[in-house]
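Following are the structures in question.
Here subunit A shows up in two complexes: once beside subunit B, once beside subunit C.
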Partner chain A sequence: MTRKEQMLLEKRRLAKKVPQSQYLTQMRDSRNALEIEELRTCFFTDAGVVQASDGVSFDVPMGKTVAVVGESGCGKSAMGLSVMQLLQRPQGQVVGGAIRLNLGDCAYDIAKTPENVMEKLRGKAVSMIFQEPMTALNPVMTIGKQLQEVLELHEKKRATKRHAIKLLDMVGIANGKGVYEMYPHNLSGGMRQRVMIAMALSCNPKLVIADEPTTALDVTVQAQILELLKSLKDKLGSAVLLITHDLGVVAEMADFVVVMYAGRVVEQGTVEEIFYQAAHPYTIGLMKSKPVVGRPVESLYTIGGKVPNPINMPDYCYFRDRCDTKTEDCDGQYPAQIQLSDTHIVSCYRAFPREDADGKHSGS
Partner chain B sequence: MENILVVENLKKYFPIKGGGAVKAVDGVSFSIRRGTAMGLVGESGCGKTTTGRMILRLSGEKTGGNVVFNGREIYSLSKSQLRHLRPKMQIIYQDPFSSLSPRMPVGEIITEAVREHKLVEKRALDGYIDTIMERCGLQPFHKNRYPHEFSGGQRQRICIARALALKPEFIVCDEPVSALDVSVQAQIINLLKELQRQENLTYLFISHDLSVVEHITDTVGVMYLGSLVEYAPTQKLFAKPLHPYTKALFSAIPIPDPAHKMQRVVLQGSLPSPADPPSGCKFHTRCPHAMDVCTQNHPAWLEVEPGHFCACHLYCK
Partner chain C sequence: MGKYILKRLGISVGILLVVMFIIYALLRSLPASYVETMAIQLSQAPGAKPYDVWVTQLNEQYGLNVGLVQGYFVQLKNLLTGNFGDSWKFAVPVTQKFSQVIGISFVMGAIALVLEILIAVPLGILAASKQYSRRDYAITAGALIGISLPTFFFATVLKLVFSVKLGWFDLFGLVGRDYPNLSPWGKFWDMAAHLVLPIITLVVVSVGSLMRHTRTNMLEVLQADYIRTARAKGLRNRRVILNHAFRNTLIPLVTIIGGSLPGLFAGALITETLFAIPGIGYTSYQAMVAGDIPFSMFYLTFLAALTLLGNLLSDILYAVVDPRVRLG
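So, the complex of A and B:
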């Protein structure tokens, strides 16, 4: 892939008059809020092409929370930004696959949606809560104005102050009238994150992408924000795509878990399947390397080695060189996905049925 | 085992323009035995980092109290005496991205202070740095590289090597793993533990991640708005926290187990301003058990059980 291709993709994205048939599509299952299929996101850099998402597929059912976990650089944020079409352009481009967003009466394939249509979806049908509430808000605009801006763009011509204050009430800000007039620097981290949530939920989106929403916050504030997210999700019926590296947050919030490693999904399943019957050695290692309160160990498990260079990915399993349990099979090409149950999918040679019938490894 | 460090009623107020002061550290007392690790936990803004820096005399003059390190009050030392003491007490910072000079090769970063303090003979210096780097999991050929060529975990290893090269007795670890990924975190924690065993190091481990603190420390102090509210051996504290703030803090940690659904005490509101702390017990504005007495009197620092200290009116008789 070359720069030329990047320019072509960019041109297609900025095209003005694109017929609806190009980007309207059908959901595979109408109960899903989002379906991602074989998503490929690339960054065209001077050093080469980085495949940030390399054939990522998973579904987000309506009203459920799907958590995407992985270490920094594994492509989880790039995946989230692809869904929002907010990748750093023109270097970052969705080059293949489909991202189907369900709007009830119709479905959009975001991977093909041009920018001028995307503007109408972003913030209305799908919205995002960013990690850094310090930098995600505009420092020279009052909170009220920032909230009204979203509403004015998507809902009515002139959003009222009352509506904005109601939103602030909804996210548990007691002094809504006062905060309406304030600037972001007047607020604490937790309060700013509440404002971010209010903005994200102001148009009742079908899907909310929360990219590390509590990483920058203290544990006590994190607890407040998680409770808030949970209750609002149930109230509004939105689906949540939660991007995080904190397994504790995952266990508490998620219904389904997707584990990513080096741009690929290595394992996915329900939260119980991932925590109790983890099958991929990376998932198991991730769980073991985190100290848990009340479960003392002499020394923590560590995953040796490091993530392969993203520019020259090997053609065998990306995790092979760090894996404790590799077998001769692992020298072969990248392992295919194995279905362990209706929901539990893993990409690992150890899970192939002919090796051990039950396909289970001890999780802890 | 003797105490390597005794902190008595330490205070640090930062003056505010136009009057008043931020009481960042307001009467903190504890002691650390040689070869053990003490944890300091609390929300951001509670003064735990300032306490760490005060102990090393890195935050200007104290407002009150004493810091006695190896039997000497460090705030009464002259400049040259303090300089002699510096190698014995080191600090590892939270952010390995901003605590390394971007223009210095790694070898120089680690060597500089050793050379300055003349801890190792010139001839042996190169070999000494190599062994230190190796012990911290770095390769000798990394010496000529610059910090930007390393990942976060590697950089934190450089910071540890820099501190370790001075043959310290006491290291303040200020959130050393907060900026790192889970799997890298585990490597750094294991490294810190191993070094402690080999060198009989003493740590003051500042962190907001309670699971890490439980793993690495022997005793823990919980801070709230510049004061210690509870202090106990780690096992005791985690088995039976006494102070309502500690309880709330513990119940806020998400447990990585989906069957463990939260029965949590969610604290309302946020940390009050340390420039104008509440009267009486500083925690009474957010405390679920607040009584009348809490708003008026400052609770005494009591030994509720042997070795387990707590400042709360619930335990005053």
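So, the complex of A and C:
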């Protein structure tokens, strides 16, 4: 991948007249709101090309919440931004794979959708809640104006003040009339995040991407915001792609969980499967490292070692050098995905069916 | 707000008094003493009194026989009572000379500043909105050339091309040869034509830095989270830049522009001299060289007051563009 290819991708993205056949597509399963298939997202940096998402595949069923978990820098935010086509351009580019977004009557392949069509989808069909409510709102614009902007853009009518205040009511802001006139710096972090949620849900999107929506908030406010998100999601029937590293939030919110490590999906399944039958050593490590109320410990469990350098990833399991349970098989190429149940998929040699007699490695 | 402005004005007056003392002390210590030059001239006349006697007499006459502090208070008292004195060099009241020359400098400076803002801000935004594109490189390189060009060199090149080779404008001066015979409109156009080259010089050498400031600020703003939020709403790039980014860029620009307001009255020494335009820059230079204390004192005090006022103004403008800033 060279700079030239990056410019080519950028040019294609900014092309004005692209026939619909280029980006309209069919969903594999019409009950899914979003299907991500073999998504590859790259950042072209001066030091080299970073594969932020490397063959990520998973589905988000309609009306369900899918949580993407993983440590910082594992590519979960880059994946979320890819779905919105909001990567830091021109360095960040989706270079391959498909992101199919279901709009009911038609489906868009976002990986191929040009910028001018994408503008119409953003905020309407798919919207995003960001991590930092402190900086995610424009400091020199009133809350009302920022809210009304989305409505005017997508609802094709003159959005009124009443409409905006109704949205503020919906997210549980009592003094809607007052807040309408306020600037972001007049509000607390939790209030701002409520405004962000109101903005994201104002056009009844099919899919909401919440990128660590509660990380910057204190614990009591976190619970309120999660509760709000959950109830509004059910009310509007939107699917939620929740990006987080907080397993407590996952347990609270998610129907399905996708575990990412170094740009790849290492394990995915229903929330029960991930929490009670985790199969990948990384997932097991994550579960072990979370504190449990009522179980006194000296220090919490940590996964030793660090993530390999994202430039020039090796072709073996990325977790090999940190793994407690590695075998000689692990020196082979990156493990393929194994289906453990209808929903449970893992990429680990330990999950491979063994033929030899003593092959059953008893892990954890 | 009102209370804040009053407080700031009070502080400004205090600063101004100190600045005035420094100005007075510096002027008194200048090696170019008007009195000594005059004493030499007078003592050389046939049958005149000797130099020492003249110096003493003139010192007394011009109020220089007292110490620094006492002299300062005498000056201060004169200034406060509105008595600015007569210019030694030009032998007319200071204010009269000042009002004669300030107009042209102000007009030149104001036109140059307006042009500068009109050129620099849009270009800076254009450059930033497509970083590392060909457009960006062209604009940045242009700005750098403007910054690097010395005034005297660029003015000379302009004169060579437009006055000598093409003959479009006069080489120097504020008015042409036939000025007195022209109709009022003709006079206006004559003067305007003479100001074209000086203003181009002023704009080209100063536009670069404002442009680079705008570009840097804009780039910083475009990285902000709220810009990503605006894009996530589905706003077009154009609206993101004009509605969301631009107002945030204004905040630092206001400081820069507010700070350059006193410059309107400072004149442009080199440009005015090169084009032989009798503005305040050129005049104050002459006064300073001659050791003309009343004129220099008045001019420098005036600039100091304007600088303080400019700072106050940009602080107030801050509150206008940025709702987070509350004065008080």
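In this section, the second predicted complex is superposed on the first by the 351 of 364 C-alpha atoms of A that agree within 3 Å, B and C clash if a C-alpha of one lies under 4 Å from a C-alpha of the other, contacts with A are read in each partner's own complex, and residues count from 1 in each chain.
Simple rule for what comes next: contacts are C-beta pairs under 8 Å (C-beta built on N, C-alpha and C of every residue); 3 or more make two chains touch, one makes a residue touch a chain.
Small disclaimer: the values here were computed from a predicted structure and weren't measured.
Chemist: Do subunit B and subunit C fit side by side on subunit A after the overlay, or clash?
Modeler: fit
Chemist: For A:128, is the partner it touches subunit B (first), subunit C (second), both, or none of the two (neither)?
Modeler: Second partner only.
Chemist: Between subunit B (first) and subunit C (second), which, if any, makes contact with A:330: first, second, both or neither?
Modeler: A:330 contacts neither subunit B nor subunit C.
Chemist: Could you look at A:188 and tell me whether it touches subunit B, subunit C, both or neither (first, second, both, neither)?
Modeler: It touches subunit B, and subunit C stays clear.
Chemist: Report for A:248: first if it touches subunit B alone, second if subunit C alone, otherwise both or neither.
Modeler: first
Chemist: Please indicate which partner A:153 is in contact with in the superposed arrangement: first for subunit B, second for subunit C, both, or neither.
Modeler: second
Chemist: In the superposed model, which partner reaches more residues of subunit A, subunit B or subunit C?
Modeler: Tallying touched residues of subunit A, the top partner is B.
Chemist: Taking CA centres after the superposition, what's the angle at subunit A between the directions to subunit B and subunit C, given in steps of 10 degrees?
Modeler: Taking subunit A as the apex, subunit B and subunit C sit 70 degrees apart.
Chemist: Taking the superposition as given, does A:139 touch the first partner, subunit B, the second, subunit C, both, or neither?
Modeler: Touch status of A:139: second partner only.
Chemist: Mind working out whether A:27 is in touch with subunit B, subunit C, both or neither, as first, second, both or neither?
Modeler: A:27 contacts neither subunit B nor subunit C.
Chemist: According to the stated criteria, A:120 is in contact with first (subunit B), second (subunit C), both, or neither; which is it?
Modeler: Only subunit C is touched by A:120; subunit B is not.
Chemist: Is A:95 in contact with subunit B, with subunit C, with both, or with neither (first, second, both, neither)?
Modeler: After superposition on chain A, A:95 lies in contact with neither partner.
Chemist: Considering only C-alpha atoms, give the closest distance between subunit B and subunit C in the superposition, rounded to the nearest Å.
Modeler: So the smallest C-alpha to C-alpha spacing between these two chains is 8 Å.
Chemist: Residue overlap on subunit A between the subunit B contact set and the subunit C contact set?
Modeler: Of subunit A, no residue contacts subunit B in one complex and subunit C in the other.
Chemist: State the interface residues of subunit C toward subunit A in the complex, per the touch definition above.
Modeler: Residue positions touching the partner: 224-226, 228-236, 243-244, 247-248, 321-324.
Chemist: Which positions of subunit B touch subunit A when the two form their complex?
Modeler: 43-44, 151, 181-187, 189-190, 193, 208, 210-212, 214-215, 238, 248-262, 264, 266-267, 270-271
Chemist: Mind listing the subunit A positions that touch subunit C in their complex?
Modeler: 84, 86, 119-124, 127-128, 130, 132, 135-141, 149-150, 153-154, 183, 185, 196, 199-200
Chemist: Over in the complex, which subunit A residues touch subunit B? Could you list them?
Modeler: 71-72, 188-191, 218-224, 226-227, 245-252, 271-272, 275, 285-287, 289-294, 296-297, 299-303, 306
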